[in-house]
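Chain IDs A, B, C, D and E follow the sequence of writing; residue 1 opens each chain.
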C-alpha cells in the first residue's frame, strides 16, 4: 500500500509540474483533470471516501468541463 | 453536433446517471456521498444533455425560471429547517431536539434532518452546476455582444 | 537511509507541501490568466491534501460506523468534513474567475496579463 | 430571546438577499423599501445587543445547541456587538446612497443582483465578526471575497474586469494561506474554536513551536493580503478607483476593517501577547505599519484621479491602525480600534462625496476642482470636513485617533514613530488641502462665484450629511464611543 | 534570470516547510494531538445523537451545519456573480 501511495504522490507532483510547464492550455487542463482523479484515489487511500467522491465528481468532472468551455471561447496557447 | 450514435447512447445513459446521483444524495447519511457529490453528478448528467442536444433544448428542460427557484429555494429550505430548531429549542439547526425523527441508524429513513438537508444541498448544487455551464456557453451561441 | 525512511513514511505531507508551493509558484510567475486559475486550484488541493492527511490514522477505518463491530478504530472525520466544504468553495471561485477571463478576452482580445498591462498603458498614454 | 438576535439578524439578511430576485419582478421600488426596512430592523437589533452586552456581559450562542467543544459557536462580546453596529450603520447609509448612485454605474438589468450581493456582503461581515470558530471564519471570508470582487466587476466596464480579477486572485491566495494556517493550528490543538485552541496553544507552544510560528506567518500574511497592509496593497488602488462609488465606500470603510478584526482575533485571542513578544512579531508589524504610512501617502501625492488618491490614502490609514495594534498596549489598541471607526466614517464620507462629484459633474481629475465648492456646496463641505479629519485637525474624529495614537507611542517610548506619524500627517495635508483650496478659493473662468443650491438627489445627500455630522460629533464628544472601545480592549487584553 | 531567482525562493520555502515538518506531530496515530476528546466524542456519540452512521455526513449537516449553510451561500453568490457579468438580457442586448 505504501508503495502505491509513494508512486501516486510522485505522479501527482509530476502532473502538477507538467501543468505548470505546458504551453498548450487545453493539454494543461486535461492533465489537471487527470491530476484531480489521482488526487481522489489518494483520498481514498487516506480513508476519506466522501472527499474522494466529491473530488472525482467536481474536480475532475465539472471544473474540467468549465475550463474547456472557457478555453473554447478564448485562446488556446499561452504565449 | 447531430450524431445519431451520440444521441441514442446519451438517451440511454442519462437516466442511469441521474438515478445514480439521486441515489448518492439520498444515501448520504448511510454511505459515502451526500449532497455535494450527488448534486454534482446530477448536474453532470444535464451538462451531458446540453453537450449532445444543444443549449436551446436543454434550456427548455431547465429554464432560468426553474434555476432561480432552485437556487434560492435550496438555501431557503436550509434556513427553514434551521428555524424549526429556533422555534422548538432556541438553537439554530438543531436535529433531534427539534423533534426530527431519528429512526433506526443504518436505514434509509433515519437521521432526522440530515437527509432533508442533503436533498436541499443536492438540488442546489445540481442547479448551480448546470446554470453555470449554461451561462458560460450560452452567449457564445448568440455571438459575442 | 533514515532520512529516506522518514520521507517515505510522511510522503503525504511532503506531497501536499510540494503541491502548495508549485501552485503558489504558478500563480505568482505566470502571466496567463487561465494558468493562474489552475495554479489556485493546485494550491487549494495542496492545502486540502494536507488537511486530510492530518485526519488519517494508520490502520484506521473509513468514518462510517460499523454497527455490528464496536471495537474498530476510525480516522478523524472532522478534516474530511471541512474539506468537503473547501472543495466546493474553490470551485465557486474558479467559475467566477473563469467568467471574468471570458469578459477580459472580449474587451482586450488577449488573456495575458503583460499584454493587457501594455494595452492599458497605451490607453492612458493616449488620453 | 436576545440571545437569538445575532443568528436571526444573519438569517434575515440572507433571506432578503435570496428574495430580491423575486421581489424585483414585482417592482424595484418595493425592493428598495423592503431592503431599507430590513436594514433598519437589523440596526435596531444590533443596538439592542450592544446595550444588552453592556449591561449583562458577553454571551455565547451555540449553533445547534452543541457545546463549544463539538459545535460552532458565536461569541457576542462588547467588541463584536460594537463592530456589528458600526458595520450595519455604515452599511445602511451607503445602501441609502446607492439607491440612486447605481443608476450611474450599473446596467438596469443588474440592479437586483447588486442588492443581492450587497446583502450577502453584510451577512458575511456580520458572520465574521460574531463567529468564534476558525474554519467558519474561512467560509465567511470566502463569501466576502467573492462578493467584494463581484460588486466591483458588476459595473461591466473594461478596467473593472482586470481589477476584479487581480483582486480575486490575491484574495484567494490569502484565503488559502489562512486555511493552511488553520490546518497547522488544528494539527497541534485539535480544536477549531478560538478560545479552546488558544488554551491549548499555551500548553503545546513549547512542544511544537514550528507549527505555531508557520501557522501564524501564513495566517497573518493571508489576512494582510486581504486587508491591504503595506507590502500586499497592490490590488487596492485599481479595485477602489474603478468600482462603483457605493462599492468603493463599502470596500474601503468596512470590508478592509473586518479583515483587521480577524487579524486582531488571531493575534490577541488565538496566539496571545506572550508568544507574540517571544517571536518579535510587534517589531515586524511596526516596520510594516510605518513604511505603509509613508509609502501610501507618497504614492497618493502623485495621483491625478480622485478615487485613486483616496485608495492610496487608505493604505496609509491602514498603516495607522496596524501601528496601534503593533504597540500591543491597551493605549495602542484603543487608538487602533478608535481609528477603525473614525477612518471608516471619514473614508465613507470622502468616497460618497467623490461619488457625488462624479454623479453630477463627471469630475474625477484632481486638477479640475476649481470653483466646485460653489456649485456643490454641501458635498464639498463634507468632503472638506472628512479631509481635515484625515489630516488630523482638532474638532474632527481624525484628530482624536491621531492624538490617542501619539499618546500610545509616547507611552511605549518610541520617538521615531512619532516623527513618522507627524510626517505622514504633513503628507496627508499636502494632498487633501489643495483640493479644498481649489474648490473654494480658486475661480473657475466658466462659472461665476455664486453659491448655488445643490442639485444632488436627496437620497444621496442625506447619507453624506449624516456622515459629516457624525465625524464632527465623534470629534467633539469622543467619550460616547470611547467607553465601548475601552471595554473591548480590556476584554481583549484580559 | 528573474525567474530563476523566484524559483530559488520558492524552493527555499519548500525546504523550510519540509524541514520544519519533522518537528510537527505527524505520526498519524490515535495519539496525535488532533485526535482528541472531541474526535472521540464524534465517533462514540454521533450515531446516538444524529442517527447517521456516516460520520462525515453527521458532521457537515448536523454538528457543523452552519458551515454548510455558508458554503451553499458561496455557491449562490458565485452564480449571482457569474450571471451579473455574463448574462445579457433580451432588453439590453447589443449594449
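Here is the rule we go by: a contact is a pair of C-beta atoms (placed from the backbone, for glycine too) under 8 Å apart; a residue touches a chain by one contact, two chains touch by 3 or more.
What you see is a predicted model; the values in this text were computed from it and never measured.
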Contact-graph separation of chain A and chain D, given in steps at minimum: 2
Of all other chains, the one whose Cα centre sits farthest from chain B: D
Reference chain C; chain at largest CA-centroid distance: D
Winner on C-beta contact pairs when A-E is weighed against C-D: C-D
Computed distance of Cα centres, chain C from chain B, in Å: 24
Rounded Å distance between chain A and chain C, as computed from the means of their C-alpha atoms: 10
Multi-partner residues of chain D (at least 2 other chains): 14, 18, 63-64, 135, 139, 142, 146, 149-150, 153, 156, 161, 186-187
Contacts with two or more other chains, residues of chain B listed in rising order: 30-32, 34, 36, 72, 75, 79, 82, 92-93, 95, 105-106, 125, 132, 135-136, 145
Residue numbers of chain E (touch at least two other chains): 17, 32, 34-35, 38-39, 42, 47, 53-54, 56-58, 60, 62, 64-68, 70-71, 73-78, 81-83, 85-86, 95
Chains that touch, pairwise: A-B, A-C, A-E, B-C, B-D, B-E, C-D, C-E, D-E
Sites on chain C touched by chain E in the complex: 6, 10, 13-14, 17-18, 20-21, 24-25, 28-29, 53-58, 60, 63-65, 67, 73-74, 76-78, 80-82, 84-85, 88-89, 92-93, 95-96, 99-100, 102-103
Residues of chain B that touch chain D when the two form their complex: 68, 72, 75-76, 79, 82-83, 85-86, 89-95, 97
Of all residues in chain C, those that touch chain D in their complex: 20, 24, 27, 33, 36-37, 40, 43-44, 47, 50-51, 54, 78-79, 82, 85-86, 89-90, 92-93, 96-97, 100-101, 103-104, 107-108, 116, 120
Residue numbers on chain D that touch chain E, as the complex places them: 14, 18, 63-64, 66, 69-72, 107-110, 113-114, 116-117, 120, 123-124, 127, 135-136, 139-140, 142-143, 146-147, 149-150, 153-154, 156, 161, 184, 186-191, 200, 204, 208-211, 214
Touching residues (chain side chain A, partner chain B) in the complex: 49-50, 52-54, 56-58, 61-62, 65-66, 69-70, 72-73
